[in-house]
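What follows is a group of structures, each given as structure tokens.
Same chain, two partners: chain A is paired with chain B first, then with chain C.
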Partner chain A sequence: MLQVAKATFIRNTLVMLRAYPWSFVIGHILSGVYTVLFAFFVYHYVFAGQLDDRFILLSGSSDYLSYAILGGAFYAFAVSTLMNVSRSLITELREGTLEALLLTPSPRRGYFLGNVCQQVMRTVFEFSVILVVGALFGLTLANTNVWSAALVWILSTVAFFCQALVLGSLMLRFRDTYITQNTLFVIMAFVSGVTFPIPYLPEWLQPLGQIMPLAPALDAFRQCVIQGKPLIAVSPQLFHMAGLSLVYLWIGTWSMRRMEKRVVESIFG
Partner chain B sequence: MLIVENVRKVYRVKEKTGWLMRKWTEVEAVSDLSFRMEPGKIIGLLGINGAGKTTTIKMCSTLLTPTSGSITVDGYDAVRDDRFVKSKVNMIAGGERMLYWRLTGRENLQYFGSLYGLSGEGLKHRIDALLLQVGLMDAADTPVERYSKGMKQRLQIARGLINDPRYLFLDEPTLGLDAPIARQLRKHVKELASEQGKAILLTSHYIHEVEELCDEVYIINKGKLVAHDTPANLTQSLNLETTLHVVIPALSDSLDHDLRQLAMRYGGHRLITETDDKTWEVTLRGENDMTTPLLSLLAAHHSPVLRLHTQQPSLEDVILHMADRRGA
Partner chain C sequence: MRQLSSYLWAEIQKEHRHSFHSKMIYFSLLVWPVIMFVTAYYSFAPFRMGPDSPLARFVAAEQLPLFLLTGYLGYIFYWCLVQSAWQMSFERQAGTMEMIFISPVNRLAFLYGRSLSSLVEGVWLFFCFVLLALLFVGGIHPSGWWAPILAFLILLVSAVVWGGFLSVLFLFSRDASFLYTVLDEPMLIFSGVRLPPMAFPLWAKVISFCFPLTYALQLVRGLLMEGETLLALAPKVGLLAAVLLLLVITTIVLLKQAEKHMKETGNMVMY
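Up next, the complex of A and B:
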């Protein structure tokens, strides 16, 4: 499995260096930067630095700018991971290489692992750029519990990877990337607490946030960065994320296998 | 040995019956098909479009699962033991798919080799040997997007051989290739069977390719096996018409009469046309060869022969004949 992961990592890196659509990277960074700018202008010029009392209660901090900037950065990270992993098989299908890939006895886990590892490399870059821009507009990193934050980040990558398997199988099912992924991304941005705490949402909409790994991941990451909390303090969020990961992994593996079969029958049969 | 036994493949197809209405129907692509692939032999799978050739190849290479029946490779079941079977088979398709265009030829082979569990020096040597074998050593480090069609096809062959498969499926391998490259490729395929002992299954729309390469031919029509034999036996067994063309300088009434009598006697028919250069072309068509009696007749009429040409039935005629017969 590791050999396949390594080979896929190298292949993707070579392709990225030769012909990667850098517009994707720029797009993800810009989306994060816009969130930073939006939060900055709204906070200073619309609300004049005044926060609702409930915000401190719900977020555990009065630092709205750090809250929103981390939300934007983490959202860009989630979108980037989901997008690149979920698109991998449908891209193979579109480029005519899926057949050659499925002919080999290589485990699919290795293939996806290689994709996600290569993706992490790009995400680290995008995430760092957004944080640097965020620091210029009020992001405070002074209290950060670095190790806890890093571990939450790694566990989040796993969670987003599991969710990407489900998204990827939906893409194969509908033979579409654009509408499928963007529908999910818009919902994620709205219900996962990216720029405001989830309890601000109408009650009937709040459960939707709980099925997105982004919500507990972001909550845990913010607590580690803004309040400097240790890992143990965010264990409920980590368990929540682990539970969702297992469910998404199970559904994703099952549906991906079904969709592969379906695609092979409908395209190559 | 690869054994296909009573294999059937049914696809479920969604049909639009109204604005929002859909109906599922079943289409039988392959029906009760059986055949064997033996080391060192090339077998051809022929049929007109939609006959089930590609579906059969995809089932043998584990890409598709048969609805019923079994496919075994060296005793291993292609569905249950697909990982083992995948390591023993490979497929080369015509066209320019199945390669990463952004990678170089060498990088493509390295990637696919790794997917087959090959690594290190062993993989490096195998890649060098294959690049040499398909004549791409000089272009090994050029991205595939800069390759010509023929070069891509040769790289496909190298990819198809990267795992040193015992069983190789060639699906229209010379599709769209120039004649010299196609000829080179056919020579290579022949060597793979005769020198390396690989069992090869070939589908092609170029019938002369099948006649040249295949030891045995399976003809399928609408998913069903309709004939199986050597290409030579297949063309002989059906007693299809042989066509005889002869060009003579003049045609007398008595010769015309005798030619008609000859054609009738041999159960055939004759056609006479005057050519642009004021000669006469006589075409005799029948199930029996009329060359000897025709030459005797012309000699008796003291008619010189300017040109003589016999056209034997081809494998293509056999396929069309069988398709017509089954369709009727």
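Up next, the complex of A and C:
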């Protein structure tokens, strides 16, 4: 399995460096940087730093800039992970390599592990750049509990990976990446507390945020970075994330297997 | 003229068949813009609102939904064209780009037909949503019965010119998605879609006035929200017309350059 993972990692890195010259990487970074800029403008120039009283109560801090910048950076990280993993099989299909991949006796776990490791390399880079830009525009990292934040980040990668399996099988089902992924992303940006705390939403919409791993992941990450909380303090969010991951993993592996079979039958006959 | 309009019509028909093959397209035309608009509205929730809020220096609190609605309407007009220009890369991949340039079709008719097609098709759904929403949103103060029609025309013309300009830019680049990222989101921040450009620092104002959408939105809001007279709007209309003229001239120059390059190298796909 590890050999397959290593081979996939090397191949994907070569593809990223040679075939698609950084389009997605730069796109994700810029998208995060624009969120940083928006937060900075709205806070300083439009609202002159005056916050709603409920915001401090709901977010546990009056540091709006850190709240919004971390939201933007983490959202970019989630989108990047979801996209890189979920698009892997349909990209193989489009490039004509899926048949060869399915014919090999390599375990699918190794293939996805290689994909995840390769994309972690990319997202660490993207995330770091956004945080550096964010620090220039008012992100405060002084209270950060580094180890807790890093662990939440790693656990989030696992959760997004599980969600990506479901998204990937939907993509294979509809033979589409553009509509499927972007519909999920706009909904995620709306209901997961990226730029505002979830309780501001109408009550009937709030449960939608709870089925996205981004919501508990972002909540836990913000608490570790902005308030410097230890891992134990964010355990409810971590359990929430673990529960969602298990459900997505179960649905994802089942549907991915079904979709692979379907693709083999319908395309390769 | 008849020939020109037949080229325009042909391009519009082609784009329609190309884009509207699946009902999924309605997601990008209606569902995404509506969710994006609502997200933008809630993004202001963490701030202090009310008549004495700092926001009132630029937009009255009760006019915020209308401000965002007009902003997003303008943005969707322009966004459809960024999409259409972005799809220019498919012409390269499909090998039809060279065929178009070999044919004696008027190049500008091809470019603007492309823009016009995606605009009319892309915008109508969201336009209906905005019309409905306007009925339920307070703060409308139009200059007259003609104000919505004039606002629509301003958005239509400026967006088509912008779309033609973008399509030409995409003739020069193989990695089109990168240009898409560079042009699309800055427009959302700097053009006054979600935030009033008057609140920006000088450097950001300079960027915002590079986008024709900034001028178009100023006019649309003047017409629909502030009830400004035509006379008061005349200088702004003149400014927008000057910017659009500059864009058309740049489009023609770039188009000629791209075609000259193609004639020299015999290759349009690999600029």
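Please note the rule applied: the second predicted complex is superposed on the first by the 268 of 269 C-alpha atoms of A that agree within 3 Å, B and C clash if a C-alpha of one lies under 4 Å from a C-alpha of the other, contacts with A are read in each partner's own complex, and residues count from 1 in each chain.
Assume a contact is a pair of C-beta atoms (placed from the backbone, for glycine too) under 8 Å apart; a residue touches a chain by one contact, two chains touch by 3 or more.
Computed from a prediction, not measured in an experiment: that's the story for all the values here.
Participant: State whether chain B and chain C clash or fit side by side on chain A once the two structures are superposed.
Facilitator: Fit.
Participant: Pick one for A:190: touches chain B only (first), chain C only (second), both, or neither.
Facilitator: A:190: touches chain C, not chain B.
Participant: On the A-aligned overlay, A:3 touches which partner chain: chain B = first, chain C = second, or both, or neither?
Facilitator: first
Participant: Now for A:210: first (chain B), second (chain C), both, or neither, which partner does it touch?
Facilitator: neither
Participant: I want to verify one number. Taking the Cα centroids, what angle sits at chain A between chain B and chain C, in steps of 10 degrees?
Facilitator: Value: 90 degrees, nearest 10.
Participant: As a test of reading the superposition: which chain, chain B or chain C, is in touch with more residues of chain A?
Facilitator: C
Participant: Between chain B (first) and chain C (second), which, if any, makes contact with A:62: first, second, both or neither?
Facilitator: A:62: touches no partner chain.
Participant: Is A:105 in contact with chain B, with chain C, with both, or with neither (first, second, both, neither)?
Facilitator: first
Participant: For A:30, decide between first (touching chain B), second (touching chain C), both and neither.
Facilitator: second
Participant: First (chain B), second (chain C), both or neither: which does A:235 touch?
Facilitator: neither
Participant: For the combined overlay, can you note the least CA distance between chain B and chain C, rounded to whole Å?
Facilitator: Nearest C-alpha pair, chain B versus chain C: 11 Å apart.
Participant: Name, in rising order, each residue of chain A that touches chain C in their complex.
Facilitator: The contact residues of chain A facing chain C are 21-24, 26-27, 30-31, 34, 37-38, 41-42, 45-48, 50-53, 55, 59, 64, 67, 174, 176, 178-179, 182-183, 186-187, 189-190, 195-197, 200-201.
Participant: Would you mind writing out the residues of chain B in touch with chain A in their complex?
Facilitator: Contact set of chain B toward chain A: 9, 11, 29, 54-55, 58, 61-65, 82-84, 86-87, 89-91, 93, 95-103, 107, 110-112, 114-117, 119, 143, 159, 163.
Participant: Touching residues of chain A toward chain B in the complex: what are they?
Facilitator: 3-4, 6-8, 10-11, 14-15, 18-19, 95-97, 99-106, 261, 264-265, 268-269
Participant: Where on chain C is chain A touching in the complex?
Facilitator: My answer: residues 24-25, 27-28, 31-32, 35-36, 38-39, 42-49, 53-55, 58, 175, 177-178, 180-182, 185-186, 188-189, 194-196, 199-201, 204.
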